[in-house]
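Shared between the two complexes below is chain A, which has chain B as its partner in the first and chain C in the second.
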Partner chain A sequence: MVSKTEETQLSNLETQVDNGGGGAWEYLSLVRKLKVRRSDRVLKHGLSILNDPKKRSSLGPDEWTLYEQVAVAAMDCQSLDVAKDCIKVLQKKFPESKRVGRLEGMLLEAKGAWTEAEKAYSSLLEDNPLDQVIHKRRVAMAKAQGNVSVAIEWLNKYLEIFMADHDSWRELAEIYVSLQMYKQAAFCYEELILSQPMVPLYHLAYADVLYTLGGLENLQNAKKYYASTIDLTGGKNTRALFGICLCSSAIGQIAKGRNKDDKESPELQSLAATALEREYKQKASDKLSLLTAALKGLKVSS
Partner chain B sequence: MALGFAVGVFGVLILFHAAYSTIQYRGLLKITEEEFSGPPMNVVAELLLGLVFCIWAALTVPGKFLSIQPYSEENRIVSLPANSDFMIFNHRGKVFPLEMDVKLKH
Partner chain C sequence: MAEDLVLDTAIRDWVLIPLSVVMVLIGILRHFVSKLMRSSQVPDAKIVKEGQLIVRARNLRSGANFIPPRSFRARRFYFSNEENGLLHVPKGQAPNPQAQMFSDPNMAMDMMKKNLSMIIPQTLTFAWVNFFFSGFVAAKIPFPLTQRFRSMLQNGIDLSTVDVSYVSSRSWYFLNLFGLRGLFSLILGEDNATDDTQRMMQMSGFGFDPTKSLGAEKDSLDIVQHDWALPKFEQRAEAVLRKVLS
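Let's look at the complex of A and B:
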């Protein structure tokens, strides 16, 4: 999870490193800690450390972590030679290691040699059938080949064993959303909210899915989850504010035909609209007129 | 930090001194054969002072307070980590390989 302070710290370090201000190792450590995908920068700065014997030896045992990080980044950038060299170094240091075996499998994947990669992974799974990362790699491989249904099947099987793995639940949810299977995606997001109730982004994603599903009940629930996102972020999430406005407008349209007068909390939408207007005024005052027009179209602003 | 620690030590010393004074006072009362109804005023003042110092030291020495509010800058989650276990490599990086001629030297 990347919090606001960590994000600022990361972007500061990024500009510092990009402009040659040093701190490459701190940057790489932060990237590893926050698990963000900055493969091009990791490759560039990681290689500059690895090619400098003095800097490299000053890392101590962290040197090998860096080799692994750079290898994965190199695969992501399709610099397969660099990845191969890194893996070779690691293999020399740790022969028979499962972790290096996994990297080799990933290298095969990056090359596009699917059958060989599959073979490598299944031989690794024979030694340790409960290796979570390798199961995940197989799912990713199916996805990379375009067999999304196979990926879903494997991911479901995997989740039956490792139910507490929220990263996998998230992956499954994202796959379902990409296939427009919103009911299933909603189930996955429910699981995620249950396991990590304090993460506003899951509430937000769940609300998005519910809003997309449509229907009065779903819209009302979506509105509640947008509201909980606002609660958890202190109103600093623009998407949730927009979500409140859209939900209110959609609920209003549905309820108009049924002339029910149980209009719930008209303050909420006007408050959201005011908060949006304030935020736009602060950060992008030239787009304020667009916003007011849009809100007027939704009939939420007072 | 160092100041807080010094104040804490001072506070504990004051508390010990208050205890010592109370014992001495009781010894005195035993000699004069009076009832012990409560410690004298200056000991009570000493106790309160020691308490304040100790509390202050206990609050400052261990470190800064962290926010527990979910929407504070330290806790507000703005993005989820990249799901790097499910990372796949056939993206646009394959078509536009990075222009890099750096190699790993041994």
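Let's look at the complex of A and C:
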């Protein structure tokens, strides 16, 4: 997670570097530390350092780190020649290195030579079966080829060992949603909520999945998670507000014939609707009529 | 003793200071030697998995109130059922760390390397100090001490009449041996190989039994009372929205 101060620091450095104010190396170090994706800039500024022998040698041993960073950025930007040159330099300096071997595998992958890349990765995994990065690359490769089911298989195998890696759970959840396997996705989102209970986005995504699954119990749960999203975001999440309205109307339709004594917090929906109307009035007043029509259709408008 | 002993300044220049300098240099040398000899340890898949398992179980315990009761019960069953739960360790299957050590020569080798890099220089310096400086009074501390400190400060001098505030050279060696840790962590960084306390921790941690922590985690998971927090959130959301709208 990137904190706010780091973000402002990053953007300050970015404008400074872009306008030729120097500090390229500091910028690249910060990018590496925060693990943000700025491949085009990294490529541009990194190359300008690497092509200048004086600047390059002043880095000392960090030179090789920069080579690696630029190589990955170049692959991301599809300038494979640059990546190839960087990897060649690294190969010369560190023969037999697994880290360079990983880069070579990535280069093969970037070229689209799937079978060769697969071979490279599996030989690397034989040496060190616990290399998380390579496991993840394999998943990404399967996904890039369109073999989503294979990707799921790899991810499940990976999560069997590294089950506390929440980023992978998130990836798995998104893949399941894309395949409309909502029950599995719900499980993954529960796992995410467990690992980071205060992140509203996971509550929201879980609520979405529950709402999509349907059924009275799921709808009620979905409403609860939309409510928690509202609480965690301080009522600023429009999607959660809409979610409340949709859930209440769906619950109302299902529970029409049944007894209504367990109807909880009838006020929440009307409050959500009013909040929505206010939001639209302030930010997109020309679309207000659409909103009121939609809310009327849901019969939650007060 | 009525009158003070006079210590020759040559003792300061040729015993006290050289001893400290040599101790520092040897400490630095030891750090780099052990760094050279350290072999990169490949972690065992099972141990990694158990570590991650404990993290996940702990997450479940702390975040239990944020998922629906049914999901919580399913997970708890998955972790701690008696047949094939992940946290359930069958009795008698726990690997004995002692046996593990003997079966894995690398482990014993590692231990030996660590011990060698510690013991050899220590024996050598101790022999050196004993040979050249035995029986010296090397320094005087500027405050009086009780008789209890005699064995600590006057190791190697068998005179009960000398005031306790005088320090013998061998004791000075021991004081340096244990007292230089702070200096080493300053010049070599926090995780230096000379840190004896860390080594002690590792030694005692050697008998660390992952199955025990799995069992503990299972027990604490079993007694968790699930109290779903989400129904409360509806009221809280209402309050938030009211505040926003007002």
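By definition in this document, the second predicted complex is superposed on the first by the 213 of 302 C-alpha atoms of A that agree within 3 Å, B and C clash if a C-alpha of one lies under 4 Å from a C-alpha of the other, contacts with A are read in each partner's own complex, and residues count from 1 in each chain.
We adopt the following convention: contacts are C-beta pairs under 8 Å (C-beta built on N, C-alpha and C of every residue); 3 or more make two chains touch, one makes a residue touch a chain.
Nothing here was measured: the structure is a model prediction, and the numbers come from that model.
Undergrad: Is it chain B or chain C that touches the larger share of residues in chain A?
TA: Touched residues of chain A are more numerous for B.
Undergrad: In the overlaid three-chain picture, which partner chain does A:K281 touch, first (chain B) or second (chain C), both, or neither?
TA: Neither: A:K281 stays clear of chain B and chain C.
Undergrad: In the overlaid three-chain picture, which partner chain does A:G234 touch, first (chain B) or second (chain C), both, or neither?
TA: After superposition on chain A, A:G234 lies in contact with both partners, chain B and chain C.
Undergrad: Once the structures are superposed on A, label A:A272 by its partner contacts, choosing first (chain B), second (chain C), both or neither.
TA: second
Undergrad: Would you sort A:K296 into first (chain B), second (chain C), both or neither based on which partner it touches?
TA: It touches nothing on chain B or chain C.
Undergrad: Touch check for A:M163: first (chain B), second (chain C), both, or neither?
TA: A:M163 contacts chain C only, not chain B.
Undergrad: Once chain A of both complexes is superposed, is A:A110 in touch with chain B (first), chain C (second), both, or neither?
TA: first
Undergrad: Applying the document's definition of touch, where does A:V36 land relative to chain B and chain C: first, second, both, or neither?
TA: After superposing on A, A:V36 lies in contact with chain B but is clear of chain C.
Undergrad: Pick one for A:K223: touches chain B only (first), chain C only (second), both, or neither.
TA: The second partner, chain C, only.
Undergrad: Would you sort A:V139 into first (chain B), second (chain C), both or neither based on which partner it touches?
TA: first
Undergrad: Take the contacts of chain A with chain B and those with chain C, and give the residues found in both.
TA: Looking at chain A, the two contact sets intersect at 234-235.
Undergrad: Could you list, by residue number, the parts of chain C that touch chain A in their complex?
TA: Within the complex, chain C touches chain A at residues 42-43, 45, 48-49, 52-53, 55-56, 59-60, 62-64, 66-68, 71, 75, 230-231, 233-238, 240-245.
Undergrad: Across the complex, what residues on chain A touch chain C?
TA: Within the complex, chain A touches chain C at residues 128-130, 160-165, 187, 190, 193-195, 197, 221, 223-228, 230-231, 234-235, 244, 264-265, 267-268, 271-272, 274-275, 278.
Undergrad: Within the complex, which stretch of chain B touches chain A?
TA: Counting only chain B, the residues touching chain A are 69-90, 93-94, 97-98, 100, 102-106.
Undergrad: Name, in rising order, each residue of chain A that touches chain B in their complex.
TA: Per the stated touch rule, the residues are 1-5, 7, 34-37, 39-40, 43-44, 47-48, 50-51, 72, 75-79, 81-82, 85-86, 89, 106, 109-110, 112, 132-133, 136-137, 139-141, 143-144, 167-168, 170-171, 174, 198-201, 232-236.
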